[in-house]
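Each of the next two complexes has chain A plus one more chain, namely chain B in the first and chain C in the second.
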Partner chain A sequence: MPEIFINGQAIEARDDQTVMAVAREHGHFIPYFCWHPQLSVVGNCRMCLVEVEGRGLDIACNMPVAKGMKVFTNSEEVQAHRKAMLQFITLNHPVDCGICDKAGECTLQDYHYQYSGQRSLSHDQKVRSTKFYNLSNRILLDNERCILCLRCTRFTHEVSKSMALGVERRGDTSNIRPVEDRPLSEDPYSDNIIDICPVGALLSRQFLHKSRVWFLQPTPSVCPGCARGCTVQLWHRKPEWKLKALDQRQNESIARVTPLDNPAVNGPWICNKGRDLAQVFERVRADEPMLKGRPVTVPAALDEARRLIGAARHAVALVSNWGSNEELETFKDKLGEVFHCFVKEDWQPQPGERLEDDLLIRADKNPNTTRARELFGHAEPGFKDGTDLVLVWGEGFDFARLPSRARIIFLNSYLQPENGHADVFLPVSIQTERHGHYTNFQGTVSAFEPCFEPKPGVLHAEDLIRALAAPARGHP
Partner chain B sequence: MPGRQLIMSFPVTATSHALSEYRERGGYGALAKTLGQLKPQDVVKEVTASGLQGRGGAAFAVGRKWQVVQYDDGQPHYLIANADEGEPGTFKDRWILENNPHVLLESMLIASYALNVRNCFVYIRGEFDLPYRRLAGAVEEAYAAGLFGRNILGSGFSCDIVVYRGAGAYVAGEASGLLSSLEGKKGYPRNRPPRLTVKGLYQRPTVVNNVESLSNIAWIISNGAEAFKAVGTPKSPGTRLFSVSGHINRPGVYEVELGYPWMKFLDEDCGGVPHGRAIKCVVPGGVSSKVLTGADISNLKLSHEDLWDAGSTLGSGGMIVIAEGTCMVALLQVLMRFYHHESCGQCTPCRHGTGWLHRIVDRIVAGDGRSDDIERLYYISKFNDGTTICGLGDAAGYACSGILDKFRDEFEYCIEHKRSKFGGNLECLRSS
Partner chain C sequence: MKHLVPEFEKFRERFPAGFESSLVLPCLRRIQEDRGYVANSDIEELAVFLGVPQIQIEEVLSFYTQFRRKPIGRWHLQFCHNVSCSMNGAENVLAHVEQKLGIKPGQTTPDGRYTLSTVECLGSCGTAPMMMVNDGYHENLTFTKLDELLEGLK
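Presenting the complex of A and B:
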C-alpha cells in the first residue's frame, strides 16, 4: 500500500493502481477524453497530464503509483498544458456545435469552458474531412469532429468484439473507418460508441437532429428486450418543452434510449435492441374496453369479466412475463386461487436477432420470466378438458391454441386482431406509464418509472387484477 | 581516416560482403568464442563494461538495456535489430547492411545467446532494396552454414531470424512503433511504462537495438571491453558511423573514432564545403537533433559529451552540412513538411501541432507571415515537448525551435519583407 500525495493530500493507494484511478477515488478530478473505465488505456489525448514533483509532466491515466510520489493535478504548468491541449484539439475541429447533436453533453465543450475559454490561436485553414460518413445503417460519422480518442475502435475490439472499426491514414488526416469485411451493422452493440464518443463525431441516425438534448429529460427504466434487464434511461421532452407547435406524438415520444450505468447488471452498455424500445412501446395502442369486439365502458367490461369468472368451472390464466413483480405478486395474491395459472412468454426471438452471447444478450426475450416462474411455476400452458374460461394477460399467444369452448378475457396494450375475438377485452398500460420492478435472470431486481400518462380507458394491470378479484361491483 | 575503424575496417569490393570473405577477416570467430567459452551473463557483463551507447539516436547504454531482461524468467524473449533508418540525413546502417551484413548477424547471434532469445528479427526500411537483398543473401548463407537454426555449431544453442520489411513510415523506426508494426498492426508507438524490455513484442521482454549498436558486439567480444574503451573518449567509447550529406565535397558514410575534431573531419576527410563557402550550420545527427552554427562547432570534438554541452546530440549520425547563403526558412519548411507527413496521428499535440507548424512556415515562405508567427511556432514546439507518446512530436519541436533560436532574424526578415533574405535558396551557390 504505497502512500502517495495528490495536491498535498496523503492517500493510501493500491500497488496496481494508476494515478488517475487514485485521484478519482479521492475526489481529485483529472480531465480526460480517451480514458474509459471499461476500456484499455491508450493515453493518446494527453488531456490528463499532471505534474509529479521532480519528474515533470506525464499522463495520469498510464502512471503507476509509486511510494511517496507527489502529484499535482492543477499546478500552473498543468493548467497551461491543458489549455494548449485544447488548442490542439480544436485546431482542426469545426466547432459546429450549433448543428451538433452532442452539444449540451459534449466533453470538449465542457472542458473548453472549464479549462480554456481561449479563442483559437491559429490563423490558418482547418484540415477538412468527411462529414456524415455512413458507418452503418444506424450510425453516421463526422470525421471533422472526431478527436481520435479511439474509444470507438477499442469498444469494437475489446467489448463487442466485432472488430468493426479501425483508423485509416495517419497524422491529421487520420480517419476512423469501418473494416471492409466486418460490417458495423452486424454488431448488435454498435450504438454504445455513440454514447462513449466524447464529442459529436458518432451520430445516431435515429436521433439525428431530432432534438436538442437540453429539451429532454431521462427517466430510469429497465429494458424488457431480454432476461438481462439492462437498466436504461428513456429520454423524453421536459414538461416545459412540450410545445403546442409540435406534433403531439413528438411531445409524448421516447426520443432516445441510453444505458443507465449499472455494475450489477449491464455496466455502461446496452444492446441496439434496447435503443429501439420505441419500436415496441410506440406501436398503435388499444384504448377501449370491448365485449366481443364491441366498445363498452370500463365498468361494463369489468362486470362481464367478473360474471365470467364467477360462472367458470375450470378457469386458466396465462400470466404475462412482462408483468412487473408487483403485478405478478398481486395476481398470485388475488386471483391465484381462482385460476389455474401458467407463465406465458409474450415475446419470442425475432428472425435475424442475435439469440444469445456472453456479453449481455439472453435467449429469453422477456423481462420478468424469473419472478413469473417463481410465482407460477415452470409448466408449459396446457388446457384440461372442461376448461371453460381463459384469462390471457399480454400479447404473443396464438388464440387458435385456446380450447374452442372456453370464454376469453384478454388484457392487452396494443391494437391487435385478437382483441376483438375476446369475450372481454381490457386495455392495460405499458411500462412507460407506470412504476414497477423486474427480476432479471440473475435474480437482480431493477426499477422502472413512468414517463407518460396513460390514456383514459387504459388501466394499470395491478388495479385491474384487484378489481377482477373484488366480490362486488366497483371501479378500479 | 578519422581515427581507428572497427566496422568499416576493410576495403569494399564486389564480394567483400560475402560470408567467405567475412570469414577470412576473422568473421564468426566471436560467435565461436561466445558459444565455446562464455556464459550468457559474461556476454552481458562484457557489453556493459564496454560502455557501448546506442547508435539509433538516444545514446542509451546498450548494457543497461540488456540487464533489464531476466535470463530465466520462463518467458520467450525477443531481439530486434532496428534497420528502419528513417531519420532524414541518415544512411549509415545502410552501409553495414550492404557491405558488412554478417557483422550484424554474428552480433545478433551473440546477443540472442546472451539474452536467451530463440527468435530474433531485423526490421528493415521498406524502401531499402540493395541492403535488403544483401541482408537476405547473408541470412541464407548463414543458415546454409549452420549459423542459424537448431544447435548452432554443435553448441546446443538454437536461434532463428526473420527479416521483416517495413511499409514506409518514419515512426515505425521508433522502437515501440516498430513492434506494433512487426505485430502486424498500425505502427503506433506505445506509452511507457511498461518498458519494452519488460513488455515488448507480443507483450514479452524485448530488446530493440540499432543496427550499428549491435554491429559493435562482435568486435567487443573478440577484443574485450577494455580494448573497446581504449577507442574513443572515456564518455564516448568506440567509433560512430556518420552519414555526411548536404553542402560538402565528399558526401558519404565515414567511421569516425569518437573524440575526433569536428572541423578537421569536415575539412580534411570530407573535403570541405564546395566553392570554398563557409559553414552556416550543421545538423549533427539527423534532423531531430538541434542545429549548430559554424561558430558553435569550430572547437567541438565529435563525442556525445561535447554535443550535449553544446545543447545538441550526435543523434542518429546523420550529419547535414549547410553552407552560407542557404535560406533557413525554406529549410525549416522542408523539415516541417516531413514531420507533418510522418506524424502517426495518435496523440493530440503531435497530430495537430506538426501540421500547424508546417502551415505557419508554409505561409511565411509564401510571403504571408504574421507578426505573431514566431511566437506561435515556439508555443507549438513548447507544448509538444514532453507531452507526446513518442519522440516524434518532441523532435519536430526541437527541430523548429533549434532553427528559430539560431536564425530568428531570417524569419523576422521574411515576415517583414514578405520574401526570403536568401531567395529561398537550398543549393550551395557558386557565388553570392
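Presenting the complex of A and C:
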C-alpha cells in the first residue's frame, strides 16, 4: 500500500493502481481523451499530463503509483502543457462546433474552454479529409473532427470483439477505417463507439442533425429489449424547449437512447437494439376503450369488464412479462384469486436478431420474466374446458389459441387488429409514461421513470387492475 | 502466397503462441520480396493463415511507405531528399534522372524498366546525395555517375 501525495493530499493507493485511478477515486480531476475505464491504456492523447516532483511531466493514465511520489495535477507547468496539447490536438480539427451534433457534450469543446480558450497558433492550412464517411448503416465518420484517440478501434477489438475498425496510414493522414471482411454493421454493439467518441467524429445516422443536445433531457429508464434489463437514458425535449410550431410530434418522441452507466448490469454499454427503442414505443397507440370494437368511455368499459369478471366461472389471465414489478404485484394481490394466472411472453426474437451472446444480449426478449415467473409460476398458458373468461394483458398472444366460447378482456397499448375482437378492450400506458421497476434475469431490480404524459383515456395498468378488482358497479 | 507458407511456419516458431499479429510484418516483407508487391489476395490469405483481422494487415501496409500495393518496374530508383542529401544537391540529380527517364517520382517508365521514388533519410548522410537501386546503395551521386549507372541497368 504505497502512500502517494496528489496536490498535497496524502492517499493510500493500491499497488496495482495508476495515478489516474487514484486521482479519480479521490476527486482530483485529470482531463483525458483516449483513456476509458473499460478499455486498455494507449496513452496517445497526452491530455492527462501531470507533474511528478523530481520526474517532470508524464501521463497519469499509464503511471503506476510509487511510494512517496508527489503528483501535481494542476501546477503551472501542467497548465501550460495542457494548453499546448490542446493546440496540437486541434491543429487539424475543423472547429465546426456550430454544425456538429456533439457540441454541448464534447470533451474537446469543454476542455478548450476550460484549459485553453486560445485561438489556433498555426499559420498552416488544416489537413482536409473525408467528411460523412459511411462506416456502417448506422454510423457516419467525420475524419476531420477525429483526434485519433482510438477508443473506437479499441472498443471493437476489446469489448465487442468484432475487430471491425483500424487505422489506415499515419501521421496527419491517419484515418479510422472499417474493413470488408468484418463489417461494422454486423457488430450489434457498434453504436457504443458514438458515445465513447470524445469529439464529434462518429455520428449516429438516426440522430444526425435532429436536435441540439441542450434542447434534450435524459430520463433514466430500463431497456425492455431483453432479460438483461440494461439501464438507459431516454433523451427527449425539455419542457421549456417544447416546439409550438413545426413538428410537434418531436415533443413526445424519443430523440435518442444512450446507456446509463451501471456496473451491476450493463456497465457503460448497450446494444444497438436498445438504441432503437423508439421504434418499439412509437408504434401507433390505442387510446380508446372499446366494447367489441365499439368505442366507449372508460367507466363503461370498466363496468362491463367487472361484470364479466363477476359472472365468470373459470377465468384465466395471461399476465404480461412487460409489466413492472409493481403492476405484477398488484395483479397478484388484487386479481390473483379471481384468475388462474399464466405468464405470457410478449415478445419473441425477431428474424435476423442476435439471440444471445456473452456480453449483454439475452435470449429472452422480455424485460420482466423473472418477477412474473416468481409470482405466477412457470407453467405454459393452457385453457381447461369450461374456461369462460380470458384476460389478456399485453401483446404477442395469438387470439386463435383462445378458447372459442370464452369472453375476452384485453389490455394493450398499441393499435392492433385484436383490439376490436375483444369483448372489452382497455388501453394501457407504456413504459415511457409511468414509473416502475423491472427485475432482470440476475435478480437485479432497476427503475424507470416517465418521460411523457399518457393521453386521456389511457390508464396505467396498475390503476386499471385496482379498478377491475373493485366490486362490480362501483366506480374506479 | 501459398508457396511461402512453409517459411511462415518457421517464422511462427520464433514467436511465443498468441503473438500472431507480430508475424504480420515479417510475412508481408517476404511476400513483397517474392511478388514485388502485396496483392489483395495476399492480404486475404495472410489474414486467414495468421487468424488476424484484415484491418490489422491493412494498418501495417498503409503505415510503412516501403510496402507496395501495385507492381513496379524492374529497377526501383529511390532518391533520398532529406536534409543532408538536399543540401548536397539531391534535387539536381533527381531532376537529371527525371529528364533522362522522362518520368516523375512515383511513376514507372512505359517499358516497365524503371520506377522513380523519393524517400526520406536512408542513413547515408556522410555520402550525400545518394539513392537506392533495388537493394543497393549508390552514394556521392554526380551526373556522370548516374549516366554510367543507368547505362549499366539493363
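Note that the second predicted complex is superposed on the first by the 472 of 476 C-alpha atoms of A that agree within 3 Å, B and C clash if a C-alpha of one lies under 4 Å from a C-alpha of the other, contacts with A are read in each partner's own complex, and residues count from 1 in each chain.
Convention: a contact is a pair of C-beta atoms (placed from the backbone, for glycine too) under 8 Å apart; a residue touches a chain by one contact, two chains touch by 3 or more.
Note that this is a predicted model, so its numbers are computed, not measured.
When both complexes are overlaid on chain A, the residue A:I6 reaches neither chain B nor chain C.
When the shared chain is aligned, no partner comes close enough to touch A:L216: not chain B, not chain C.
In the superposed model, A:A315 makes contact with neither chain B nor chain C. When the two structures are aligned on the shared chain, A:D181 is found in touch with chain C, with no touch to chain B.
When both complexes are overlaid on chain A, the residue A:P64 reaches chain B alone and has no touch with chain C.
In the superposed model, A:I361 lies in contact with neither chain B nor chain C. Between chain B and chain C, B contacts the larger number of chain A residues.
After overlaying the two complexes on the shared chain, residue contacts for A:L165 are found with chain C alone; chain B is out of touch.
In the superposed pair of complexes, A:I193 makes contact with neither chain B nor chain C. Across the superposed pair, chain B and chain C both touch chain A at residues 166-167, 169-170. Contact residues on chain A toward chain C in their complex (touch as defined above): 163-170, 177-182.
By the touch criterion stated above, chain A contacts chain B in their complex at residues 41-47, 49, 56-57, 59, 62, 64, 81, 84-85, 87-89, 91-92, 121-125, 127, 147-148, 166-167, 169-174. Listing the residues of chain C that touch chain A in their complex gives 44, 47, 53-56, 58-59, 62-63. Residues 169, 186, 191, 193, 340-349, 351-356, 359-360, 363, 370, 376, 379, 382-383, 386-389 of chain B are the ones touching chain A in the complex.
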